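I've put the structures underneath this note.
In the two complexes below, chain A is the common chain; its partner is chain B in one and chain C in the other.
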Partner chain A sequence: MTGLTQTLSKNPLREPGDIARRYTVYVLVGGAVLATSIHLLVLGTDWSRMGTLAQIGETVASLTPNLSYIPKVAEPLFETALMAFWGTLLAVILSIPVAYLGATRTTPSMLLGFPVGRGIIILSRSTHEIIFALIFVAALGLGPLPGILALACRSIGFMSKTTAEAIENVDQGPIEALEATGAGKASQFLFGVVPQVSPTFLGNAIFQFDINIRRAAILGMVGAGGIGLHFSEQMKTYNYGNAGACVLAVVVLVIFGEIISNRLRTRIISG
Partner chain B sequence: MAFLTIRDLRKTYPTGETALRGVDIEVEEREIVALLGLSGSGKSTLLRCINRLVEPDSGEVILDGLDITRLGKRDLRRTRGKIGMIFQHFNLVDRLTVLENVLSGTLGSSSFLRAFTRAFPQDDIRRAIELCSRVGIADHIKKRADQLSGGQRQRVGIARALIQKPKLLLVDEPTSSLDPKIGAEVMELICEIADERSIPVLFSVHDVGQARSYSHRIIGLQNGEKVFDEDTGALDRKSLNLIYEMKPVPASAAQ
Partner chain C sequence: MVAAVETLYKSYRSDQRRSRLLKFGAALALLVFGIWTISYFAIPIDRLARMFGPLGNMLANRIFPPDLAYASSSKILLSVVETVEMSLLGAFIGTVITIPLAWWAAWNITPSRYFLYPLARGIIVFCRSLPTLMLGLLLVAIFVFGPFAGVLALVVGTIGFAGKLMAEQAEAIDMGPVEALRATGAGPLLVFLFAIVPQVKPAWTGIIIYNWDARLRSSTILGFVGAGGIGLHLREKVSLLEYHGAMGIIVLIILLVILSEAISHLVRQWLR
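Entry: the complex of A and B
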């Protein structure tokens, strides 16, 4: 008892030793970040080539959308939206078996199925969509198909991971009740797991569609179809006004996608 | 032999916890039997060993001449279809409608495709609706299960068990999640229906009063062993002390 009170100061939450230690860590970590930033970022920049603020303004101004170019953007814009749609749908469908393999509750084998499911999830989540697009463009050529596959590969991981987690967190009560009625594994899954998981699943699918619209807009830059292809062509040929029109179109598409997904999400929550 | 005969049932969980240490029980046709005992005395495990939701280590469970412990997967499922079960936490699928929850009691006998498209046989649907009105939830058939009150939810659970046309009802603390008044109504309903359909009932319960009011016979479990088995009228203070007495755990079990 005396030993404890002796080692504590008046306020045990503000021990002088603890405070000193904490601030030493702050200073050391902060100093390290600052020092490496100066070395790599500040000294690594070619300041002699840096333009003035006015020059930056000029460049931005040159991107003022050329509205007469908008009609030509319509087709690739739809292509982008459709790429996002099919890429997401493909990922959503494929994520079901992957989640089934990757959830400890449902996986048929911890030795074989589980590592395969988890492996696909990790691979998909750790690889950027541009990398997937480059691979599929190299394999399949230019166009929207490699873009769709790239989006699908990118989304599978997220969809499977969240679905597998939802499966792990399912309330076992109803499943026990279904098992007690003599229902088979498939029926137990259909009536016990699916209704519990489906709000999360559909919500995430919509979320992925929303994100995939943005991703699809970029993929064209590496040749995987959609509006990105147009954008990079116009940039390369110095038609900044046309490139600006592409950017404007993408902004409109993203806002549109967000409105749709918000509507759908509200319907799922209330339904 | 009794309609349900349990012989020397034993269960030790992988965690090393022994739930049943050789229990013998008989339930006659039309008999309503209450299981009393402290939490952890093995009531829940005993009920779940009967339909093998929990796999017993050894012993026999003979229902109407059939040893359930020896059944293969297919036969076990078929037999489970004839045993209705009612749960403390109702165990409904919240996001499905009342009617779907009741019809889920028929999943054992319907194909996956039928279940997927909700194309249940007309006869099952008719029976489900009849049962809903029998248990007093006819007005809520199309509502989602999570929109009902506790008492109503347990009534859905009862209807789900009854649509199986059960030969035996296993009831696991049906009133513990309900207030006393609603709990009594639910118990009364279960016993009424069991009586009108001649279904024997084995129910576990914490409330000694309910065990007294609704059972024909009382079985007391303590630490996985049967310590009392008499007609309900014979339950007195002495026998309650016997059932609820905290004995020191034997050295062999404490390891």
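Entry: the complex of A and C
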């Protein structure tokens, strides 16, 4: 251990200025952590309301999944998966025109189309799905439909962004070859760009489906259908065992979805 | 020769036909499944078609203009500070926990393949599969209302998010230095510090910054279940149906997220 501390303190390969910069970063990070900890955990937390260890243990124990509730969870769980599926599908379809507008190579107009495409991408990527769900629930009422629309709005950004990037990184060779044969713009896009972009596109769509399962699970907490609704109801009525069952079901669904999506993606990428 | 080419061509054609049939079948199954789900959900198609009226009306009259005076009041701005602090602290503590976990969860460099590897993998998979908002509500119930639960939820989110990415990066390293250090008789900790860390440092730094960005997004919404931050005020405004105020907060959140994305992008470029 002494060897280790020696090596760390007297390293002849490191320049003194480098060491000074390093310690400045350490001090800054340490100070920020200390300040935020004091603000949030000492001043911002009501420690008098925090239970004793025994009480906390009791609450955790009461969250043990109530297995007899699992059959009742099956249907909302299926609804959650379906919402994720539909949200992803809608986003995939809608992202094609957005990516077309937002890619410098294909955009019809840099002045009008490009900013619109990029604006949609930024807005969709930086708005949380719960916010979209709130807006759609307020406009459309409760149920899975606002949830699907919220998921679609949330996913468009990622799908369009990655697709636009894929379009910009396309290999020019096949397109030039097509142009040399006298193919028109549409044929060039269809047979030159699409085959190069489609594996990335499909892989990203599956990835989004995987993420959308996770997102769909919480949308119910604002009334947009799926298992989140049951979860928050059980929490509000202090049926912690049933709430635990909901969480267990979500964990299983998400892990299952991730395994399937990984399998599918490796299959698509390897051909 | 000609016959061989002929058979080859025939097998190619039949392969092509089969793959086309498969694709067509998959598309057909998807279509049938889609139509069935519409009836399963009992989605009111007519309402979908007429939604643009109410949606436009709501956007025009009840949401716009966002109440920016409310959004820039000191109460709200203070909760923005709290949100940012939560994301920083949660990402920091989470990263400190994630670094050893990522080391253990990388198959090529894990100190113990039969004990630490499955343990670390299990923790990461479990943390990944818990949606942050659900976890926030659970932690509020277990501990206490406020940022304490939020920070804990963000720590778990970090372990799940950064743990997987960091372990993946560690699995892609060059094993040469690792073996060279092991040959000198260095223990697992020294091997980690001097053979693994220098190789993964750039990738891990990028992941850590990206993770902070992702945590900030979740921390804006954690207040919705009472786990601290600006989400609490959003929930209040929505429950009171004061959409102008709610929209003001939403605008603030969007600006915050865009700003954080720009910062994380700049920092990653500066480090490169």
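The rule we apply is simple: the second predicted complex is superposed on the first by the 235 of 271 C-alpha atoms of A that agree within 3 Å, B and C clash if a C-alpha of one lies under 4 Å from a C-alpha of the other, contacts with A are read in each partner's own complex, and residues count from 1 in each chain.
Quick note on the criterion: contacts are C-beta pairs under 8 Å (C-beta built on N, C-alpha and C of every residue); 3 or more make two chains touch, one makes a residue touch a chain.
Small disclaimer: the values here were computed from a predicted structure and weren't measured.
By the touch criterion defined above, A:Val254 reaches chain C but does not reach chain B. In the overlay built on the shared chain, the residue A:Trp86 is in contact with chain C alone; chain B does not reach it. For chain A, the partner touching the most residues, choosing from chain B and chain C, is C. In the superposition on chain A, A:Gln196 makes contact with chain B only, while chain C stays out of contact range. Using the contact criterion defined above for the overlaid structures, shared-chain residue A:Gly182 touches chain B, although it does not reach chain C. In the superposition on chain A, contact of A:Gly173 is made with chain B only, not with chain C.
Overlap of the chain B and chain C interfaces on chain A: none, as no residue is touched by both. Contact residues of chain A toward chain C in the complex are 4, 29, 32-33, 36-37, 39-41, 44-47, 49-51, 56, 59-60, 63, 79, 82, 85-86, 89, 122-123, 125-128, 130-131, 134-136, 138-140, 143-145, 214-215, 217-218, 221-222, 228, 231-232, 235, 240, 243, 247, 250-251, 254-255, 258. Put simply, chain B touches chain A in their complex at residues 51, 53, 77-81, 83-85, 87, 89-96, 100, 104-110, 112, 115-116, 157, 160, 164, 170. Residue ranges on chain C touching chain A, taken from their complex, read 34, 37, 40-41, 43-44, 47-48, 51, 54-55, 58, 62-63, 82, 85-86, 88-89, 92, 125-126, 128-134, 137-138, 141-148, 151, 190, 193, 217-218, 220-221, 224-225, 228, 234, 238, 243, 246, 250, 253-254, 257-258, 261. Chain contact summary for the complex, chain A toward chain B: residues 173-174, 176-184, 186-188, 190-192, 195-196, 198-199.
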